[in-house]
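Next come two complexes built around subunit A: one with subunit B, the other with subunit C.
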Partner chain A sequence: MFAYIVRRVIATIPVVAIVALFIFSLLYFAPGDPAAIIAGDQATPADVERIRASLGLDRPFVVRFVEWSWQVMQGNLGVSIFTNLPVSKMIAQRIEPSLSLMLLTLTFAISVAVPLGVLAAWKHGTWIDRVVMMFAVFFFSVPVFVVGYLLAYTFALQLDWFPVQGYTPFSISDPLPWLRNLVLPAAALGGAFVALIARITRATMLEVLSQDYIRTARAKGVSQRPILFMHALKNAAVPIVTIIGIGFAGLIGGAVVTESVFAIPGVGRLVVDAILRRDYPIIQGVVLMLSFTYVLVNLCVDLLYTLFDPRIRY
Partner chain B sequence: MSSTLLDPAVAAELPDVLPARKQRGRVAMFAYRHPSIFAGGLLVSLVVASALFAPWLGTADPTALAPAKRLRSPSEIYWFGTDMLGRDIYSRVLYGTRVSLQVGVMVALFASVIGMFIGLTSGFIRVLDTVVMRVMDGLMSIPGILLAIALMALTRGSVGNVIIAITITEIPRVARLVRGVVLSLREQPYVEAAVAAGTRVPKIIWKHILPNTLAPITVQATFICASAMITEATLSFIGAGTPPTIPSWGNIMAEGRALWQVKPFIVLFPAIFLSITVLSINLLGDGLRDALDPRMAKKI
Partner chain C sequence: MLQRRDFLKTSAAMTSALALPNVARAQASKLLRFVPQANLSSLDAVAGTQYVVRNAAFLVWDTLYGIDSALTPKPQMCEGHTVDAELKTWTFKLRAGLKFHDGEKVTTRDVVASLNRWMVRDTMGQIIKSRLDALEAIDDLTFRFRLNQPFSKMLFALGKNNAPVAFIMPERIAKTDPFKLISEYVGSGPMRFRADLWVPGANAVFDRYTDYSVRPEPADWLSGGKQMHFDRIEWKIMPDAATAGAALQSGEVDWWENPIADLVPLLRKNKNIAVDIADPFGNIGSLRMNHLHPPFNDVRARKALLMALDQQDYMQAVVGDNPDLWKRLPSFFTPGTPVSTEEGGDLLKGPRNYEAAKKLLSEAGLLGSKVTLVVATDIAITKAQGDVTADMLKRIGFEVDFVATDWGTLGARRAKKDPPSQGGWNIFHSWHAGADCVNPAPYTALDAGGDKAWFGWPKSDAVQAGILNWYAAADLGAEKLAMAALNKASFDNVTYAPTGFFLLYQAWRNSVSGVVKAPFPVFWGVQKA
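So, the complex of A and B:
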């Protein structure tokens, strides 16, 4: 198992390198010449050239990429054009709301979707199954921000159960305001994720439930619930965990939009504001950080396989 | 006893034990057999028709400003109301259908063709396979919307650039799908037979591999079309998509954002159109998958 873990960790290195190369190229090819901006309107071409050399912008692509990678590994993501603050610091200030939103959504989505999928598989072919699947298709088709507005309009504006927008930082003494602010965003963001997980859970469960050992368990008189949750779900775990990992990309992308809808001051808002100002270092830094998060999540998923399915030994 | 049975004169007429077989028309038969394709296809054709015939469906100029009539609620004159610049939302939504469909169809087309090319190359030329697939893995490791945002940040907002940006995010999925199909087909006896018979590689690809990739690609293309429309709306919604001068669904919603608490209909109508369109395309895709690839249908 140790060899598997090592191999799996090593296998992520080229992926991370390609992600980094791609995102570096984005800034490299970004319009606008930083040297010309720093030099100002009065500068002669020679001045611009000198500033470019002093910034190291005249060196070849590969050299600059290696240097930039080295800086990134030390946690230096450059400086925002607009605020002149280090990008890593700006991200760090905004990380808590985003992390709260994603963790809450993840918890909510998994705890709703897996039972739904199991239920649909158990009641396969009945109206329950059909309702669950229709619900899944529906949430696949409605964009996150539309769900967000519908929820906010109904439960915040009309019924006044939750605050419409905003965020309260988490505190252990009183986590209720934090939770109240995040319920609607998490529900909106979780919709598509629930649909995805429920669909895969149902499909995998159907496959597992048709296997011989399930019939054996039934024959020896094991009751329905242990069969579903002990025998079947445990063996259906690997595809479910895989789809949770893959679906995490949608969760990250959706969080960016959800934060805009509910005015949550997270990383997503940071990048949306940066787009409007064309603040390339921030866009680059956030995309890089979130992509690495995604790679890391999927690495963890792969390592979890060994926990769920001891047969996996590569 | 047996003689009476054999005698045609005595044989009693068989009673109608079975109910008469329902005679269905061709359309009804198709709808009965493939309900998702039928419902999805019908809705998609409605949406396409409303995009094509937008000028004749009681619309006004979607960009005509009328500040005196701004923020009117839905009424007989303004079916979906007017926005903060007095533009007729019904007209904007109908014309927006054109933008969304254009983005969806173009992205599906380009991503399928390019992805198919990459997948075929990668599946057949083993030297390239590792490199190409690592690059695809890398691209897929950047969450789709973020990649599109980053690409859009590099260029001016235009429909063409939105199509290119979303296509780039969708290519790896098609490439992986096609490569998977190619790898499994290469092991098939009939392909091995073709190789043994000395068939050239281009002909094997053209005659034996390509036709078998078309079904899964068609299914994938419908899903890509649906997801591209959502991505376009999302990009425009956060201000990184089509330029605000173009009435796309995402733009209408972006304009309604500031006022959604008081004038929710500005966001609501394009949202309904977008959701119904995407839903019908997804239905169509689900139905196509069930019809074209029963094995895949069982799995998911």
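So, the complex of A and C:
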């Protein structure tokens, strides 16, 4: 197992390297000019050109790529073109809100979606099944930002239960402000995720519930709850865990929108702002970090398989 | 062991605690939460000319002089000045006791270094530099410009609000290359920038500078006593207008610099919110043509656009149907200002004449020419103008290549002098703050110096002469004459096509008082109940 983990971690290096080359090339050849944005609308073309030169953006692709790669290999993601702050510091500033949002969303989504999916499978063909699937289709179809605006309008503006926007750092002594800021964004972001997991859970549970060993368990007089949660759900877990892992990428994309709608200072907003301003070091740094994270999440998912299915060995 | 009933009770208690009415939101009156027009990504208003950067810099840095609402420069960091009869030797004295936020005294060494950096980047500064024999510190509080030609606009240059602004920084910071952004934000203005609390793209914090030396006169824009009534001002960056509007309605922020027109009716309905015009100088919409390539390298094609261009269409597309928010502008200059003029603007007056425009294009052999119209569709003002222009161009017989892009891409593309077929352009849209169009000094877009001019590279000796005549004008009468001639020359050349004059709103909670109309948010004098 340990050797497998080491092999997988080592395997991330070429993946991240290819991502790095791809994103650097994409940004180099994409139109846009941070110098023009720094200079502002009133600056003359000559001013823009001088600023571009002072930033080193007029140097050839190879020179810039080699320089950046060397920095990254030394653990240095570079400095923001606009703020002059280290990219690693800017990412670090934004990690906590994004992680908080994702963890809360995942917790909310899994704790709601799995029981709903099990319930829908158990009550297959009844009105309960149809209602659950109707909600699943609805939340899967409505864009995250629409759900976000509706939640903010209802629960923040009309009912005044939660704040409209912002983020309060987590504090162990008083976590409520942190939670109050994240309830609506997590609900908005989690809606589609709940729908996805609930549908997969229902489908896999239906398949498992039709297996012979479940019929045998029922024939032996085992009650419904152990059948559902101990026998069926455990065997249905592998596809559910897989879809949670795959959905993590969707969660990152959704977080970008959610962070903008609820003005949460997370990594998603950081990268969107950077793309709009063409702040290349930040874009490259964040994409590298996200691709590395995604590879790690997939590794975790693979390792979780062994928990649910002892036949799987690495 | 946790029982189901206990679990339900605990969950219910937690839910009600979370959902308590938001009463704890009531903030101390010493904190102002402000939503600026855009993300604050740097603070260097000398190296860059972004308005949001300049607005933040006004909190942190101070200027030697500062204009008031009548555009008259008044002493700010300076105690006063003397000038010789020829307007060549300007001697200034700093007020005693001025200190930077790091506790160091402000001296003329800082002033000289700051002005040297500013003169490289600013248009007026460049003119001063071109006439400069020496800029010298006489003692710690006295410094002097020695010029080889008269320069009557010195005080305006030092006190104007247009970026690059002549901010005074510590010498060590002011020695930064003027084309590189500074990375240390130490000024002598009324607020200290808290770099340690800065989360670019989300939050910027300014704390009151307790050692700030407030002038005794009443504050008026950049002049007078900049009395701060807040211990802290937080800039909350909100890229989403709906979120900013909701935050203002719920009381999570106090002041929103630029609410979009669509949300204004909603904000007006809220009795806790005041909505008013932000900047009395407003903005001038701009249709910018590339003078290097066909068809707009021919002045007849540029004039045909003026004949067909209906400013009402543009302005209604930009600000909606409210007639209080816009007006026709047969001029390049901000209406209602001391030297504004409509001389030469006849082509923009009266009914639009598509047939005459077509005839002119036909005579020039340009009917049916292809026009590459590059439009930044991520900005409502440029998108609205671009749509109107596309329609207008088709009506007068052009073939339109509508290139929808974002502002970041447009910023790079408009700098290209290549033909449109090789990645260049024919037309793009922008707009200019009215405060930048009160006279030729801060008005980069009016310059017609060819290769050195703003994007589009218009060339007209008459325009350039008009600008120099304004600089040479010694009194208001002479300035008005120079401006009239300049406006006419600019229309003869069609340096660009003004698409109209429009105003934008600002909105704030009624608990906030003292908000004034100005080309930038004025924080001094503002209070919160």
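In this section, the second predicted complex is superposed on the first by the 250 of 314 C-alpha atoms of A that agree within 3 Å, B and C clash if a C-alpha of one lies under 4 Å from a C-alpha of the other, contacts with A are read in each partner's own complex, and residues count from 1 in each chain.
In this text, a residue touches a chain if its C-beta (ideal position, glycine included) is under 8 Å from a C-beta of that chain, and two chains touch if they have at least 3 such contacts.
Just so you know, these numbers come straight off a predicted model, no measurement behind them.
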Next item on the list: Please work out whether A:170 is in contact with subunit B alone, subunit C alone, both, or neither, and reply first, second, both or neither.
Entry: neither
Notebook entry, point to check: So, does A:287 touch the first partner subunit B, the second partner subunit C, both, or neither?
Noted result: first
Check: Of the two partner chains, subunit B (first) and subunit C (second), which one does A:51 touch, if any: first, second, both, or neither?
Finding: second
Next item on the list: Considering only touches as defined above, state whether A:160 meets subunit B (first), subunit C (second), both or neither.
Entry: second
Notebook entry, point to check: For A:135, is the partner it touches subunit B (first), subunit C (second), both, or none of the two (neither)?
Noted result: neither
Note to self: Under the stated touch criterion, which partner chain does A:82 make contact with: subunit B (first), subunit C (second), both, or neither?
What the structure shows: second
Item checked: Touching partner for A:4 - first (subunit B), second (subunit C), both, neither -> neither
Check: Between subunit B (first) and subunit C (second), which, if any, makes contact with A:179: first, second, both or neither?
Finding: second
Margin query: A:28 in the overlay: touching subunit B, subunit C, both, or neither? Say first, second, both or neither.
Written below: neither
Next item on the list: Under the contact definition given at the top, report the residues of subunit A touching subunit B in one complex and subunit C in the other.
Entry: 31, 149, 153, 157, 164, 260, 272, 276, 278
Notebook entry, point to check: Inside the complex, what are the residues of subunit C that reach subunit A?
Noted result: 17-22, 25, 39, 41-42, 47-51, 53, 121, 162-163, 177, 179-181, 183, 198-203, 236-240, 242-244, 246-247, 249-250, 252, 378, 405-409, 411-415, 430, 432, 436, 442, 444-445, 447, 452-455, 457
Check: What residues on subunit A touch subunit C, complex-wise?
Finding: 31-34, 36-51, 53-55, 80, 82-85, 90, 93-94, 149, 152-153, 156-157, 159-166, 176, 179-180, 183, 260-263, 265, 269-270, 272-273, 276-279
Notebook entry, point to check: Can you list the subunit A residues touching subunit B in their complex?
Noted result: 14-19, 21-23, 26, 29-31, 137-138, 140-146, 149, 153, 157, 164, 199-200, 203, 207, 249-250, 252-254, 256-257, 260, 271-272, 275-276, 278, 280, 283-284, 286-287, 290-291, 294-295, 298
Next item on the list: Spell out the residues on subunit B that touch subunit A in their complex, using ranges where they run on.
Entry: 134-135, 137-147, 149-154, 226, 230, 233-234, 237-240, 253, 260-261, 264, 267-268, 271, 274-275, 278-279, 282-283, 286, 299-300
